[in-house]
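Once you've had a glance at the structure underneath, I'll fire off some questions.
Letters are used for the chains, namely A, B and C, taken in the order the chains are written, and counting of residues starts over at 1 for each.
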Amino acid sequence: MQFTIQQIADALGAECQGDGGLTIVRAAEPGDAGPTDLAMAMSPKYAEALSKGEARAAVLWEGADWQAMGLRAAIFVKRPRMAMAGITAMLDRGQGIEPGIHPSAVIDPTAEIGPDVAIGPLTVVGARARIGSGSVIGAHCVVGMDAILGEQALLREMVSIGARAQIGDRFIAQPGARIGGDGFSFVTPEVSGAERARETLGDQGDAKAQSWLRIHSLGAVEIGDDVEVGANCTVDNGTIRSTRIGDGTKLDNLVHVGHNTRVGRDCLLCGQTGVSGSVEIGNNVVLGGQTGVVDNIFIGDGVISGGGTKILSNVPAGRVIMGYPGIKMETHTDVYKAQRRLPRMARDVEALKKAVFKQTPSD
Amino acid sequence: MQFTIQQIADALGAECQGDGGLTIVRAAEPGDAGPTDLAMAMSPKYAEALSKGEARAAVLWEGADWQAMGLRAAIFVKRPRMAMAGITAMLDRGQGIEPGIHPSAVIDPTAEIGPDVAIGPLTVVGARARIGSGSVIGAHCVVGMDAILGEQALLREMVSIGARAQIGDRFIAQPGARIGGDGFSFVTPEVSGAERARETLGDQGDAKAQSWLRIHSLGAVEIGDDVEVGANCTVDNGTIRSTRIGDGTKLDNLVHVGHNTRVGRDCLLCGQTGVSGSVEIGNNVVLGGQTGVVDNIFIGDGVISGGGTKILSNVPAGRVIMGYPGIKMETHTDVYKAQRRLPRMARDVEALKKAVFKQTPSD
Amino acid sequence: MQFTIQQIADALGAECQGDGGLTIVRAAEPGDAGPTDLAMAMSPKYAEALSKGEARAAVLWEGADWQAMGLRAAIFVKRPRMAMAGITAMLDRGQGIEPGIHPSAVIDPTAEIGPDVAIGPLTVVGARARIGSGSVIGAHCVVGMDAILGEQALLREMVSIGARAQIGDRFIAQPGARIGGDGFSFVTPEVSGAERARETLGDQGDAKAQSWLRIHSLGAVEIGDDVEVGANCTVDNGTIRSTRIGDGTKLDNLVHVGHNTRVGRDCLLCGQTGVSGSVEIGNNVVLGGQTGVVDNIFIGDGVISGGGTKILSNVPAGRVIMGYPGIKMETHTDVYKAQRRLPRMARDVEALKKAVFKQTPSD
């Protein structure tokens, strides 16, 4: 896999200067770049390290003086991270899954495998499952009975997809992602202490020892187009209807999405975020790492939560929140600053009490 | 799989009215229900949507006017979630694991497989492992050497069970659950900064750089009857004795239980909860999602923690707690309300200081 | 596997007394110990239970009166946890992976497998991958194309290692660990609400709905010597350069390390800790369970964080921190104590306001 500077610039819709025929085989950080590497030096801070490496070509910010940097060619970009998307897509060497179906794979004879599908060693595809054209399925995956996977899916190794899941086109799943485990749903014969504590906000009444009965998941998981799920993520089946993830939404590693929850389109759920069951999440929502969301609430379109936020109640559209419990970020910052001054304020109040209540009477 | 309304009502011990011979193949939400679906409409709120669907039969609350809803049959239930347990158990279509042992499975000749056991493709069963009668083991599982699995276990795909684990009857494990990884236990030759910081609550002294030596896990995991563990959970081996999970306890997805910890019976550990090593958890404890528990403490019977609680010290039986650190929920609510008023209170204190200390002298 | 008391004492460099020829097959807790078990009774508290068991030999603290405890032999140790490291390493019975390459494993003909390597059933080794001598690879692992694994690695079952990963000697990976998933890195064509909210600390401006473009991971993962990663951990590939884990560092279960992040040597990252992308972590850092670290910050050498800490900004070397956001543990303790008194303080301030502002005028 190699490209000329001109080819890369064309693919990015970017301008290049210098020797457009120079060949590139890899991207590299400026200080590590060899003569066939394209140095990623999109801001002056990164360009400083160019002299430590041997790059002959670099991606630079607009207006950069590439010749003064000793380069033979340069590509100029406006929004560096956008350029990264294009360049890394071109230069991705992938995981090496061979075309065709590996002989060790166990494919049910009733499964429908589309054209140009690659299936790695020891992958299992269940009865009546359908895999769309151009999909690449890594080693050690399990695609359950009656599951549907759209076109051009990319499953890394050890991904599992439960029975009856319906997944759109261009789905990407990182290693160990779990689609379609059963939801966590249990009930006690009589009202439980936990149910009562929720109603009363803290009083569980007479906590009677009871055992839990299982509510099975009859629903499955429905996932839109252009969705990516991270390594060791879990997205659970719904109870009656399906759990849903909208088009364009991305889940980071170790994210949990509970049963019945619906996530809208173009959301980002960052690392280790956990969403309980029966939550409604709008579109273009960004939940920072380790965000937690209690069950049965809604989160409006465009909501952003800072890392570690615990969302315990409905959040209106457009709000930026943080904290435990999650509140408006500005309010959180004010509260936090006041907290840091609390020990001093406590001393002030003591002094005031002494001055006002003790000394006044003696006046 | 299909049932009559009468059969379902009988199984639930519930009353039905209308055409008890009506055939049902699926459960559905009221608005999505077709003519052979049983609409789940257990409260007036859900029943409104019946007119959008084509349900001829529904599960309703006691006293509901089923005929006015245009239904031909209805089942009446007292505690809707209890009815859900029964109905979903009847209508669960499962994952389609075929009876018998799949020819691609790798079963050690010394393993003892009980009668009526189903083992999916590419599952590995180690030396002297024992699998109880009626168990269903999905594709791509590993049951370690000398592990014991009771009767009627259900392992979804890609579950791993370490050597010497002992698991009771009716065990359910969701995809990717890990029973019997080694405990996280390391020691430095001399007292480490972390040990000192714990003792002094914050002062690690001269932090000397040391390497960590591994303490191996000689214990295993012991799990009672009727336990369920969620997708990508981890339950670690004990150091000398075994880590234990009591009868009837359920773990949600991505829950971590550390080495030596003992969890009592009929507990719920919700999504992404993490319990460190050597913790003693009583019976009927409910830990909300993303709860964290430090090592070497106890949590009494019937304790309930709200989502995101970090439990840093012993919790007496029956307490309902929340926060970081976890405190009584009532106290937490009071503290939280006061926090929200903190910025205003800070201004009040400044005004008071000005009034009392600055103006008084000038009087 | 069995040893004499003398052999164990010699291996620990410890003194023993009594019958050094006594044979030991297992370690046990004092109360559970049988006649061929070595009772772990390293403090007077544990020694009390010796009378409940049948131990004839025990590991005791220095100066303990072993004969009064009815023992026939005893080993005396200075630092009990250090002794545990030695004893448990000797008595570890392992997972029973057979020597040699299991016939069901799928090994690419271009892979280089060192001498004395054991590979379990159904493991896949990709093209040009190299596995160092003496390594033990469990069942159901995947070692990706061009990955390098050093000598004496121990991979438990279902571990996956992505293409091009470079891992040092004596690597240990618990079940389901994921090395080399793709980083979570996405970009919108125009500046997103999340980017703006970070800059302004809370104001996302006009939240325009945009879709996310993927930045591929061209880098891999580089791991030093003597590293251990826990069950269902995830360590992501870097974007251009590799994500790095230094020598001697240990990751607990369900820990997440994001793309480009560099973790130094001899660190401990406890259960469910999440480190975002592009973080620099020094040496000898200990992050307590469920710690979270935002992206693009540094954490100095020897930093210790308490359980549940959310680290939102740079942390200087040697600091012991706690809380959300993480601050110096002493400060956190002061703030926390003041918080608990907040509801009372609020009442005091109200009383003061009444006394100073309302009553004074009426005087």
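Criterion: a residue touches a chain if its C-beta (ideal position, glycine included) is under 8 Å from a C-beta of that chain, and two chains touch if they have at least 3 such contacts.
Protein identities per chain, from UniProt: A, B, C = UDP-3-O-(3-hydroxymyristoyl)glucosamine N-acyltransferase.
Note that the structure is predicted; figures quoted are calculated from it, not measured.
**Student:** At the interface of chain A with chain B, does the proportion of residue numbers present on both copies reach over half, so same, or stay under half, so different?
**Tutor:** Both copies, chain A as well as chain B, present different residues to each other, with under half of the numbers appearing on both sides.
**Student:** Using only Cα atoms, superpose chain B on chain C and state the rotation angle in degrees, rounded to the nearest 5.
**Tutor:** About 120 degrees of rotation relates the two copies.
**Student:** Quick check: how many Å separate the C-alpha centres of chain A and chain B?
**Tutor:** 23
**Student:** Counting only residues that touch at least 2 other chains, which ones in chain C make the list?
**Tutor:** In chain C, the residues touching two or more other chains are 122, 140, 158, 176, 232, 254, 272, 290, 324, 339, 342, 345, 349, 352, 356.
**Student:** Which positions of chain C touch chain B when the two form their complex?
**Tutor:** 26-29, 32, 40, 79, 81-82, 84-85, 88-89, 91-96, 102, 104, 120-122, 138-140, 156-158, 172, 174-176, 226, 228, 230-232, 248, 250, 252-254, 266, 268, 270-272, 283-284, 286, 288-290, 301-302, 304, 306-308, 318, 320, 322-324, 328-330, 333, 336, 339-340, 342-343, 345-346, 349, 352-353, 356-357, 360
**Student:** If we count contacts the way the header does, which residues on chain C are in touch with chain A in the complex?
**Tutor:** 106, 122, 124, 126-127, 140, 142, 144-146, 158, 160, 162-164, 176, 178, 180-182, 184-187, 189-190, 192-194, 197, 201-204, 207, 209-218, 232, 234, 236, 239-241, 254, 256, 258, 272, 274, 276, 290, 292, 294, 310, 312, 324-325, 327, 331, 334-335, 337-339, 341-342, 345, 348-349, 351-352, 355-356
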